[in-house]
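Just below is one structure, and these are the notes that go with it.
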Amino acid sequence: MRKFTYLQPGKSAIFKDQYVTKVNECLVPYSQGMTAEIGLIGLPFSKSSISLSQAEDAPKVIRGCLGSYSTYSGEREKDFNEQLILDYGDVLTHPTDIDGTLERIFISVKEMIHTKVCDRYIMLGGDHGVSYPSIRAFHEAFGRIGVIQWDAHHDVRNLEDGGRTNGTPFRSLIEGGYLKGEDLVQIGIRDFSNAKIYHEYAKEKGITVYTMNDVELTGIQKIVEQELERLSQQVDIIYLSVDMDVVDQAFAPACPAIGPGGITSRELLSSISTAMKYKKVKAMDIVEIDPSKDIREMTSKLAAHVMMRFMFV
Amino acid sequence: MRKFTYLQPGKSAIFKDQYVTKVNECLVPYSQGMTAEIGLIGLPFSKSSISLSQAEDAPKVIRGCLGSYSTYSGEREKDFNEQLILDYGDVLTHPTDIDGTLERIFISVKEMIHTKVCDRYIMLGGDHGVSYPSIRAFHEAFGRIGVIQWDAHHDVRNLEDGGRTNGTPFRSLIEGGYLKGEDLVQIGIRDFSNAKIYHEYAKEKGITVYTMNDVELTGIQKIVEQELERLSQQVDIIYLSVDMDVVDQAFAPACPAIGPGGITSRELLSSISTAMKYKKVKAMDIVEIDPSKDIREMTSKLAAHVMMRFMFV
Amino acid sequence: MRKFTYLQPGKSAIFKDQYVTKVNECLVPYSQGMTAEIGLIGLPFSKSSISLSQAEDAPKVIRGCLGSYSTYSGEREKDFNEQLILDYGDVLTHPTDIDGTLERIFISVKEMIHTKVCDRYIMLGGDHGVSYPSIRAFHEAFGRIGVIQWDAHHDVRNLEDGGRTNGTPFRSLIEGGYLKGEDLVQIGIRDFSNAKIYHEYAKEKGITVYTMNDVELTGIQKIVEQELERLSQQVDIIYLSVDMDVVDQAFAPACPAIGPGGITSRELLSSISTAMKYKKVKAMDIVEIDPSKDIREMTSKLAAHVMMRFMFV
Amino acid sequence: MRKFTYLQPGKSAIFKDQYVTKVNECLVPYSQGMTAEIGLIGLPFSKSSISLSQAEDAPKVIRGCLGSYSTYSGEREKDFNEQLILDYGDVLTHPTDIDGTLERIFISVKEMIHTKVCDRYIMLGGDHGVSYPSIRAFHEAFGRIGVIQWDAHHDVRNLEDGGRTNGTPFRSLIEGGYLKGEDLVQIGIRDFSNAKIYHEYAKEKGITVYTMNDVELTGIQKIVEQELERLSQQVDIIYLSVDMDVVDQAFAPACPAIGPGGITSRELLSSISTAMKYKKVKAMDIVEIDPSKDIREMTSKLAAHVMMRFMFV
Amino acid sequence: MRKFTYLQPGKSAIFKDQYVTKVNECLVPYSQGMTAEIGLIGLPFSKSSISLSQAEDAPKVIRGCLGSYSTYSGEREKDFNEQLILDYGDVLTHPTDIDGTLERIFISVKEMIHTKVCDRYIMLGGDHGVSYPSIRAFHEAFGRIGVIQWDAHHDVRNLEDGGRTNGTPFRSLIEGGYLKGEDLVQIGIRDFSNAKIYHEYAKEKGITVYTMNDVELTGIQKIVEQELERLSQQVDIIYLSVDMDVVDQAFAPACPAIGPGGITSRELLSSISTAMKYKKVKAMDIVEIDPSKDIREMTSKLAAHVMMRFMFV
Amino acid sequence: MRKFTYLQPGKSAIFKDQYVTKVNECLVPYSQGMTAEIGLIGLPFSKSSISLSQAEDAPKVIRGCLGSYSTYSGEREKDFNEQLILDYGDVLTHPTDIDGTLERIFISVKEMIHTKVCDRYIMLGGDHGVSYPSIRAFHEAFGRIGVIQWDAHHDVRNLEDGGRTNGTPFRSLIEGGYLKGEDLVQIGIRDFSNAKIYHEYAKEKGITVYTMNDVELTGIQKIVEQELERLSQQVDIIYLSVDMDVVDQAFAPACPAIGPGGITSRELLSSISTAMKYKKVKAMDIVEIDPSKDIREMTSKLAAHVMMRFMFV
């Protein structure tokens, strides 16, 4: 029963082309009894960031960007308008208790997985610190986990100097026994952006590292293919961890640790598409986008496209 | 039934002090059977603007700003957390049919009034062009209408040169017989911001005009008091039309037609409070805020305070 | 007679290297009796835009950017300082009559063509809605018209939902019989940026579509060559319609509908140069630049380079 | 003869209300034989600035702002649409020869005065360094000159440390014998913004100084009145030198040397109006506006209002 | 020994007027054996902030702003160039341990006081959460402490919902027994910016509260005088806590919780000067400036002026 | 002796990972007796710029950006944390004497070289005008000098129109006999960005010119290799002059003369690395970065990477 002629009570009015389904129209709040291909959760936390970051605003902004794109892939001539994305909402963070918040994230991702109604999951950070509790939750639920990490940095800093920051997630995971070095692949590592000791730590633990030079020489799609072939043999599920600062600053201006010489947005998108050919890929996080530093939400729009490549396969 | 520990399915997580009621928590979407002190409607339209304007974004942004303030008035030691604001939503505009959209606004404001469940009404523009259909709707519903217009401009341009623009609402109302010149009071009219012919039109029609010089000499509160006394004798209801460009550009940077020498935000707020002492004041519109031109939503925050002065009396 | 030593009455003073001709120095206001290689007209209209747009400011800004570049091509060692660009000015738009404005654009482009003193024409939008009256005018003057459309979107939306917007120009042209589907080539169509029904409409009408994936695999210069060969056989003149949002958001940040994964500025420029090898190319429009969203006029500077590639051949 | 329906060849199209005269329509390029109330000249020079400044852009921007206001004063119910403003253009500066440029400014202002066709003159800077050659030219043409200087700073720095900068104009004038200390009045001098030695220099030379505290206690209009009474007795003409940084940073954000605690825009405007009651006031410069630092051209809009108060009396 | 002609090894080159002492030249790093009128310490911490804040950047930015002003007061004709400001540096914060960082602040302020070589102290926040450890340290060193708090908010939130945030410092101080309610004065409390329960808490604890309405009616200088008279009778030392959001958003745009209707920068500065007439005023903090949200460092420049009013008496 | 627990007297506090050496930690102010691989000098001068430029701010900003990167090259698995960079500071410029400042730069670069304690030198501009005195100083110290110039422009304008500006350095060097045309290589010259006469001047003088088209066809690394082979045979030392506007505007938004169609940041960085394989490369300047026009210091960050490629070999 709709009693007004041009009013939808309590809603903003937006022009609607009756034939277009926007991606955000596929988002429905989770409620019991529903099933879906994709589960989505926001991890709006960046107080664990070493440098100042407002990455905690990213989940809201990225969700908003989904409203700018449609569900139809012209490349594959396929419409995904029927696909459902269950939105589990955002984890309630604590203003002053950082360890407590990381624990809340762990619990919430676990609870989401335990609803057992989705095929694949997207976690929207937040800074890279959220990957520690998130991957830990997937490990606990699914067993041996392989990770492809798009990143300019190793993120295996020591834990003494600053506790569990956005520089430590993969060290925390390896030290905690939640992830084996041989199951971790880092792509896009950049010169003059890491310390020697952490590079050596990576090698020591058996982490596979591809620098930007490797990307230039071998091509990112080829790298992704060969590593996913390998991981698919040895792990139970594969988790993509996309630290947006792997992308060149011109294409992703909103990352706290921007720099030149990174991959292009086309390289990022095509490598995600390549990864999605592998069935064990079940989860992805997107981190290190600080919307307050963005230009016209460019970086969040890139994140939205990364999501669409992951969701619509 | 809430099954997650730290998740509210499908909602963003925001820190909540259990003892604070934010003003936006008083907003509830209209549905049949509800009654409230305030009815709120968005008129997101600015294509009738002579200069470029994104004022159509204002209703959404101003509503958002209500989340920054609480319902408690320390000045009067009174909490308005029980007050309900029925949100009728935004009028659906048409991308290319301007006259049609003005008609939709007229119909929608009328339909809102006809629900007859609110005591007072707030219309959020949009450019000043929306006041024409809005005031017309109130006239039709309530009879003789008095208008206090805070504005740097007369807004009585001719209709030949550009049709019904944001420069013409009060001429349209007077020519259409919906408003008498003697029932219209303009406060804050600024030098070198109007044409001679329109000033003369105002005098000819019996409009009462207070320039900035009058405001400086007499004081805005005194002006408002004496005019509301007068209007209260002769009209059925009083409508406040707040064109935000009455305010000096330093305090309201988001108006399309900014300039120096206007009133301060304190003068605006105290004059609204003064007006609210008069029982016949039943409606208010706030127009000419283009959020894309704002600084940290300052102008929309001022609009939120104008709303609170109007609502919480 | 110049009586002042360092003053040019009534003009701004700008440093001048006596040996450099800036491109804007080639611009002369049209007046009767003049002939030129290029005719230039501004179509400063974006009220037909679905989303908010200030693209109506673009003609002025792009003209200004011509002052940053010189007439000399070092690549070809050729100076175009003798070339004249007749500036027909901007079409006077109406503040509230959108259909009337589209008609004014049609009439003005037609009147420009009928002066019959230019070899090629540049139309500066405005949103993409202006291409409908503009191409219609060329069709009427020259007969069967071929169009190469650089665009992320098909722009063939239905006309019921919003009238003639910036999403409908090519549908309006095809339905109106001004353009045949087989004479229209769309390059750079992007995933998740169009609806299924419009993709199917394009196929049904015989429009030739190249997606971004096609651009990556085949190369944009090759695509342009083969399509211009084909069109040159079947049409009377060829019109280039450059919707700037075909370019990746990093290179063209000012487009209302920005997104990642588009073509680079080098790809755009080289493809225009390739197109200019074909004699039937006689007209070009550049649309969907909203200068208020730009960074240092980057997108308008790119437009200026597109113009120079078109003009100086 | 106008052959196009909606085109004005070679001009941008702007909406025109037939009954409104915008102030910039009163501007006409100077040519021999014309007479006018106001002569206007641009002094686009800020390389003499100690700190980085793009004040050289101000003349163009301020002229543009005149297009936002009309010629009608509602306060006095008087239209100035018949008044002519002769625009002498901008002085051509030299990219690397600073002393040479100051000389060019001197010559140009002198040449403008010598045309002897205007009643009053406006000089648009530029940094405050331009007041030295400008006032010197007026002194040479008219004899003993009185100066009212709105300024947060004394501007009487020594000439050894940096040559003739924007910190030295009044010292240069006094040392050169072009201005007597007793004929100079400084209003709005701010705490912690000057050195002791320059304050003492001011006192020693007989300069009359009003600090911000004086403004608060006495009122700016009263100060201006009493000093203009005094100066009117002793000088031949009076020159107003308005360094915009006298205004509080909230009202004039574009000044290179912004700070809190200055006068408001209302205080500036009313004090100019007060000054214009005195017949000997014949010239005014407006300096230290760097448009690149402005917000929505606020400071230039304030400058435009200062001009209107000076011109339309 | 200086061997280069125009180089100062390892330093940036800045123009220097030999007769001007900039305030930052009075800053010297603390080292043993020195004595000074002012001790300065940075408390660069804002992770305890409820809303996102980069206030931790403020100490560095405000120190930088001191370089824009000179040591000379023209109002009092007194030069403070001999005054020394001992800079104790910034407290080293921890990236993830918030309680630990508050403890570090407490220890550091205490250590600074214990050097016993300064007459007065300035603490530069950070968010308002830093006032808790800072005032606690002063209480411990000096005994009964009186506090004048310039603020739009009471800052006495409950500690359960979010721990010790920037909304709780004065509750923490009162509950901890470090400050008596009767020794706390809050000036500038704004409507719709606090909850009822906290207003009542303030009254209950005997806190003296002045709202904006009180400021308008009584005048801020009078309020400060009468409260300092009273406090001077009952406490050992007086601490000024300046939350910059007491100032209207137009004058202090960088505060996280901006809003209209606050005090002006002139009112803030004159009230600080008034306070400095009382001998027991020994300490001041300035908090809640987020430089990333500022316009041209306006708010930090205001903070610099607040410092100068405090230091140079 | 460090007596405070968490305070470093007089310093800002920054988080420090004990295992990471940031590049700026290698910077030490020059003092007698020290030796180092790299000598660094700032040439903060841009008053010789034709268009407005604040490039004089670049040396400070670029130095700051070194703090964002570490000394470790993962590509080569080599840590350069032992390498010293002697910082000679910035040349003191004169506010009004431009020729005098160019002479000061010449003297200062010469004095730096004459300390004879560094192996290679970096000069940070400023505008391109500083390359004239800088290269002249190297010529005088080392003999025949070869120059690789990354640039969109020839920079060989005539000296009559504007004196020695940022458009003239290479003409000044050639005319002065400090550099032979055959020893100068220009890479990245862009279409419509130069005048015919200067292109011809370049050819006439034997300058080797590579346009953007050459870069696309041949590849920038190959070009650099073949030219350095050639120069290495004929000159004593090689100087790299990096005008940042060679880079596409999307990657280097802070250059005064931005434009589309330039090289990417990856192309710039790889070409610098290629150049560093040649032993005669001893000096580099980086010019034409105006930090006030930058986005998040992107262009300065690119400059920092250029420095690291030059320093760490």
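Letters A, B, C, D, E and F name the chains as they come in the text, with residue numbers starting at 1 for each one.
Going forward, a contact is a pair of C-beta atoms (placed from the backbone, for glycine too) under 8 Å apart; a residue touches a chain by one contact, two chains touch by 3 or more.
Here is each chain with its UniProt name: A, B, C, D, E, F = Formimidoylglutamase.
Worth saying up front: this structure is predicted, and the values here are computed from it rather than measured.
Colleague: On the document's contact criterion, could you list the chains that touch chain A and likewise touch chain C?
Modeller: Chains that touch both chain A and chain C, as defined above, are B, F.
Colleague: Enter the minimum step count from chain C to chain F; a value of 1 means the two chains touch.
Modeller: Graph distance in the chain contact network comes out at 1.
Colleague: Rotating chain B so that its CA atoms sit on those of chain E: what angle is that, to a multiple of 5 degrees?
Modeller: Here the rotation carrying chain B onto chain E measures out at 120 degrees.
Colleague: Which chain has its C-alpha centroid at the greatest distance from the C-alpha centroid of chain F?
Modeller: If we average the C-alpha coordinates per chain, B ends up farthest from chain F.
Colleague: Of the other chains, whose C-alpha centre is the longest way from the centre of chain E?
Modeller: C
Colleague: For the chain pairs A-E and C-D, which is connected through the larger number of C-beta pairs in contact?
Modeller: Higher C-beta contact count between the two pairs: C-D.
Colleague: Could you work out how far the Cα centre of chain A sits from that of chain F, in whole Å?
Modeller: 38
Colleague: How far is the middle of chain A from the middle of chain D, if each middle is the mean of its Cα atoms, in Å?
Modeller: That pair's centroid distance is 56 Å.
Colleague: Any idea how many Å lie between the Cα centroids of chain E and chain F?
Modeller: 42
Colleague: Could you check chain B for residues that touch two or more other chains and list them?
Modeller: 15, 50, 95, 162, 250, 295
Colleague: Chain touch graph shape: choose line, ring, star, complete or other and state it.
Modeller: other
Colleague: Strictly by the criterion at the top, what is the full list of touching chain pairs?
Modeller: A-B, A-C, A-E, A-F, B-C, B-D, B-E, C-D, C-F, D-E, D-F, E-F
Colleague: Quick one: which bits of chain D touch chain F in the complex? Just the residue numbers, please.
Modeller: 47-50, 52, 54, 56-57, 94-99, 162-165, 292
Colleague: Chain F touches which residues of chain E in the complex?
Modeller: Of all residues in chain E, those touching chain F are 1, 3-13, 15, 27-32, 41-42, 44, 59-60, 87-93, 95, 104, 107-108, 111-112.
Colleague: Show me the residue ranges of chain C that touch chain A in the complex, using the header's touch definition.
Modeller: On the chain C side, the touching residues are 50-51, 157-158, 160-162, 167, 189-199, 209, 211-213, 216, 248-250, 253, 257-261, 293, 295.
Colleague: Show which residues of chain C lie in contact with chain F when the two form their complex.
Modeller: 15-21, 23, 68-75, 77, 79, 81, 250-251, 265-266, 269-270, 295-296, 298, 301-302, 305, 308, 312
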